[in-house]
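Next up: some structures, all given as structure tokens.
Paired with chain B in one complex and with chain C in the other, chain A is shared by the two complexes that follow.
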Partner chain A sequence: MQSDIKRLSLILLFAPFALWLLLLIILPHIGIVALSLREKVAPRVYEFGFGNYIDFIQEPIYWNTLLRTGSMSILVTILALLIGFPIAYYIAKIAGKRSRGALFLLCLIPLWVSDLIRAFGWILLLRETGVVSSFLQDIGLISQPIEFLYNDITVIIGLVYTVILFMIVPLVSTLDGMGDDMIEAGYNLGGSGFTVLRKIILPYAMPGIVSGCIVVFMMTAGSYLTPILLGGKNSSWFTEQIYDQFITRFNWESGAAFGFLLLAFTSLVVWLGLKLTGQTLANTVAKS
Partner chain B sequence: MNDQAAYDLECTNITKDFGSVRAVEDVSFVIPSGSFFSILGPSGCGKTTLMRMIAGFEKPTSGDIRIKGRSVLDVPPNKRNVKMVFQHLALFPMMNVYDNIAYGLRCAGTPKSEIEPKVRNVLERIALPDVATREIHQLSGGQKQRIAIARCMVLDPDVLLLDEPLGALDLKLREAMKIELKLLQHQFNTTFVYITHDQSEALVMSDHVAIMNNGRFEQIGRPEALYHNPTTSFVAGFVGDSNRWKGKVAEVKSDSARVETDAGLTMICKRREGEALSAGQAVEIFVRPEFISAKKDGAADNADNTLTGTVDSVLFNGANSRVLVRGPSAELIEADVVVTGGPEDLRARDAVRLSWSAQQTMCFAV
Partner chain C sequence: MIKTLKTTGLIAALMLGTASVGSAETLRLLTWGSYAPEELIQKFEERYPDIEVEVTFSNNEEMIAKLRATGGAGFDLAQPSHDRIYSAQMEYDIYKPMDLSKINTEAMSESLLNGVKANTTIDGEVYAVPHQWGTSGLMKNKALAPDVNGWDDLCDPAYQGKTSMRLKRTILLGTAFAMGKDPFAAYSDLDEYQKILDEVAEKLIECKSNIKAYWKGGDDLSAMMLSGEIVASETWDSTAYKLFAQNPDIVFVPPETGALAWIDTFALPRKGKADDAAYKWINFVLEPENVTIMSNSTGAIASVKGAKDLLPEDKKAAVNAAFTDADIDNLKFFANIPPGVEDMEGKTLEKIKAATGSE
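And now, the complex of A and B:
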């Protein structure tokens, strides 16, 4: 009786999640894979085949875009980690109890504004007639307006800005769990500041670092608005290709293949990253 | 060896202020080489701050700290040869036992070939030769304790600081670790400075104990001296159990004094050497329960202090059994008794006569 109730409540609690997983994640992806394996041979006539994937391999611009998206996303992830770690360390370990909450809130504030508005904020700052350009002219550093938009550096800055919070949050929560005495013990036993960072703080924060990196990398590789708005036509972001195939060319089969390739590629990068750093999902993401 | 180096640790007039709060005030002490020194005090008395200053995590506002005769005020914590066992041990959870112990050696740049034998050696000395490859979470509480000590001792420190390391253990294990710590200290022959609020830990293990209160040292001495000859009322009340009365001096003699307590009892107490008492002065009186003999009423004796009352309750605790006696002034007085299980044992509501000598009656001016 008691165990029946337990089982029923477990099923009821689990049902919404299972439905969500099945209907919104697994089914659409099966659909995408099925769609990507169709070849159009004549109007409204389709055949099973790998033609869409072969197209992808044969056209360098496609896989170049994918590699470019992947490498820039890795760069964004590294930058977010390098900038985010000191911030997270400061919030979790150095700031006083009272200022900690305020600092955390400050990090969250940008999330209250939508992605789109934040990207337009950057455009206002960086365009040819924007704030930065005219300020530099006013103080006489440059003689004519400069366009800061539509280059890779701007895209990377914009992306780091968008995703860094998702690096800081898991880092703060793991670093928060590390007692100050752990760091003091590191010094007390003769470690220099660098040794303590390398041998104690970083290994301790590893679960947070890995989960932050995975989230940030996935978000960056899958982002659409920021690279398009800040990078313009030059951005060549892979999501733009997918959008093109679906909307502009109305080639759903090819778009589905690209979408699946992006998923497979990012999963591969994450897997490689885990292998190279000797981590597993179980002892990092599950722990943080 | 010159005179100075006979002391592993010397603190001179240490004061530490946090803002307007004075955490440690004018503390001075010396610790001879190879002894077990405890700092005993209630929580918040400044003992942890004092220890953190010795380890180098805090800088004293004034005063000097010398280790092996050399001032270490300007030496950063990672360069001081003072190692610390933290309250929660602070073993590194991402390393196994071997790496935890080897960490300090690697920091010191010990050659690889020497690290392994040193770690093996220290593990054998703490009687845990087989745990090198274990993870920290696989160890029991007592094992963690010993690993934390081994991690420090492998570096051969001048002084080992221990910050209430037994606090997290359960009672049985704590009793066992007390003896073990003392044995380890003998074995390593290193100076241990042990911080605790638990008087039995301090009394059992230490060669010398300093009693700390409100940032000051009240008294430094051997455990038995603190227990039998406290110099302040705080020490008398803090170390060991006591019956305690407030009163006024009625009459002063050459080696004793007569005191009337606020509740109306009269007691004879000894005068400690050099203590100036005058009639009418407010004093506090302490008498330890083991020096009060409780006998069934009617047995006459000629002790300095006697009073009669009724047994309120018997607190049976094996060899440490005690009776609570309600005296003539309705206060409860504790006295140790031997409970044999026979018919002569005291029981609740028995009439009883308490007696104790003036020698065991400590009196402090307040």
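And now, the complex of A and C:
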């Protein structure tokens, strides 16, 4: 009797999560895979086949775009880590108890407006007739207006700005748990600042670093608005390719194949990253 | 007390629920950004108090994608362009035939009505009637780029880094015309069309270094043009007319080879539930005073008789500054897109976007 109730409550507690997983994640993905294995032979006639995947392999434009998206996303992840780590360390270890909350809030504020508004903010700042260019002209540093917009560097700046919070949050929560005594012990034993960072702080923060990197990489590779709005005439992003297939070319089958390939590719990169750094999901993300 | 509050809440919720199911009919309109001005909706709802208008803004491609996803359900009236009816219907079966006897076709411009009918008749049934028409062409700042007259002038090195275009099918077709080809005639022979597309791609890739950026929507185009960051661009005429009101130096230029003309239509989605309300809306916006309100919002010209006189004054001035009668005669109406062409054009656009050689 008692165990029945226990089991029932367990099932009830688990049900929403299981339903969410099944209805919103597993089923749609099965649908996408099924769609991607259809080939159009004539109007309203479809056949089973791998044509959409073969198209992807045969067309260099497609996999070049995917590789480009992947490598730029890795760059964004690294930059976000390099910039985010000192910020997180300051918030968690150096800042006083009272200012900690305020600093955390400051990092959160940009998230209160949507991606779109943030991208437009960058456009206003960086365009040829924008704030930065006019300011540099006013103080006499440059004589001609400069276009900062519409290139890959702008895309990377915009993306780092958008995702950096997702790096900072897990880092702060992991670093928060580390006792100051560990760092002091490191110095007491004669370690230099660099040794302490390398031997004590980084290993301790690893769960936060790994989960932050995974989230940031996935978000970047799957982002759409920022690369589209800030990118120039040569900047292709793989999500744009998927959108084009679905919407402007009415080719849902190959769009679905591309979507699935993006998922497979990003998963592969994450797996490779874990292997290369000798981490596993179990002792990093699950811990943080 | 709490109990009574709960009951009233329940009753209110029930009433709200039945209200939306029962008496009032909803007209779900799937249309372009400026094609359902608030003023007209209010006027319409005053005249037909039992109809509620719900508007979703979209564009050609997204309209078809939305209707395709549901097999034509979810909306009662859609407004794709005239070249987006035939092949979409053949491929995805998303529209239903229209009953022309319920529409005041008398008020419509005969040539436009017949043109749309010819383009959208399948098995003797008509699937669309015209609503607004306009053109795609060029826009220039007269003071800064006096010599822009044809599509290929966007690639003129004199305007290095100061021109723009949208990387969509319009510029492919325009460039083909500028090269002396007739892409619409080649639709019947797709091998020939592929050859034209290859030449166009080569030309546009070469042109890439001359372009500042590809614009993506009316807003970024307007910002670049008004700030003077670009001096000429491919454009919709309505965008150019809006800018003309802010800077009379910015004019729409019908290219020498002819502006490309589109007609936005009314079409009934296959599983629409409020056909009568849809017909009422169509007839309502055909009334002369409503035509003026609509054109004021869309910046395009209505497909009714004497439409030019019904334009608001500022738009009339902009149209007169742009078009002569000869330009009107020279219009090239977008031809029906046969199956397969979207894919060919899409591949060409990808090739141009991906090319970096000319940087």
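Please note the rule applied: the second predicted complex is superposed on the first by the 286 of 288 C-alpha atoms of A that agree within 3 Å, B and C clash if a C-alpha of one lies under 4 Å from a C-alpha of the other, contacts with A are read in each partner's own complex, and residues count from 1 in each chain.
What we mean here is this: a residue touches a chain if its C-beta (ideal position, glycine included) is under 8 Å from a C-beta of that chain, and two chains touch if they have at least 3 such contacts.
What you see is a predicted model, and the numbers here were worked out from it, not measured in a lab.
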### Message
With the two structures overlaid on chain A, would chain B and chain C clash, or do they fit side by side?
### Response
fit
### Query
In the superposed arrangement, which partner chain does A:Asp176 touch: chain B (first), chain C (second), both, or neither?
neither
### Task
Once the structures are superposed on A, label A:Glu47 by its partner contacts, choosing first (chain B), second (chain C), both or neither.
neither
### Message
Let me test your reading of the model: by the given contact rule, A:Phe246 touches which partner, first (chain B), second (chain C), both or neither?
### Response
second
### Message
For A:Lys233 in the superposed arrangement: first (chain B), second (chain C), both or neither?
### Response
second
### Message
Going by the contact rule set out at the top, does A:Tyr187 touch chain B (first), chain C (second), both, or neither?
### Response
first
### Task
Count the residues of chain A touched by chain B and by chain C, then name the partner with the higher count.
C
### Task
Could you tell me the angle at the CA centre of chain A between the CA centres of chain B and chain C, given to the nearest 10 degrees?
150
#### Entry: Contacts of A:Pro203 with chain B and chain C, given as first, second, both or neither
first
### Query
After the two structures are laid over each other on chain A, how near do the C-alpha atoms of chain B and chain C get, in Å?
47
### Message
On chain A, which stretch or stretches are contacted by chain B in one complex as well as by chain C in the other?
### Response
none
### Query
What part of chain A is in contact with chain C in the complex they form?
43-44, 61, 64-65, 123, 127-129, 147, 149-150, 228-229, 232-234, 236, 241, 244-252
### Query
Any idea which chain A residues touch chain B in the complex?
179, 181-182, 184-192, 195, 199-200, 203-204, 206
### Query
Contact residues on chain B for chain A in the complex?
55, 57, 76-79, 82-84, 86-88, 90, 92-95, 103-104, 107-108, 151-152, 155
### Query
What residues of chain C sit close enough to touch chain A in their complex?
61-62, 64-65, 68, 88, 90-93, 167-168, 208, 211-214, 216, 220, 223, 227-229, 339, 342-343, 346, 349-351, 353-356, 359
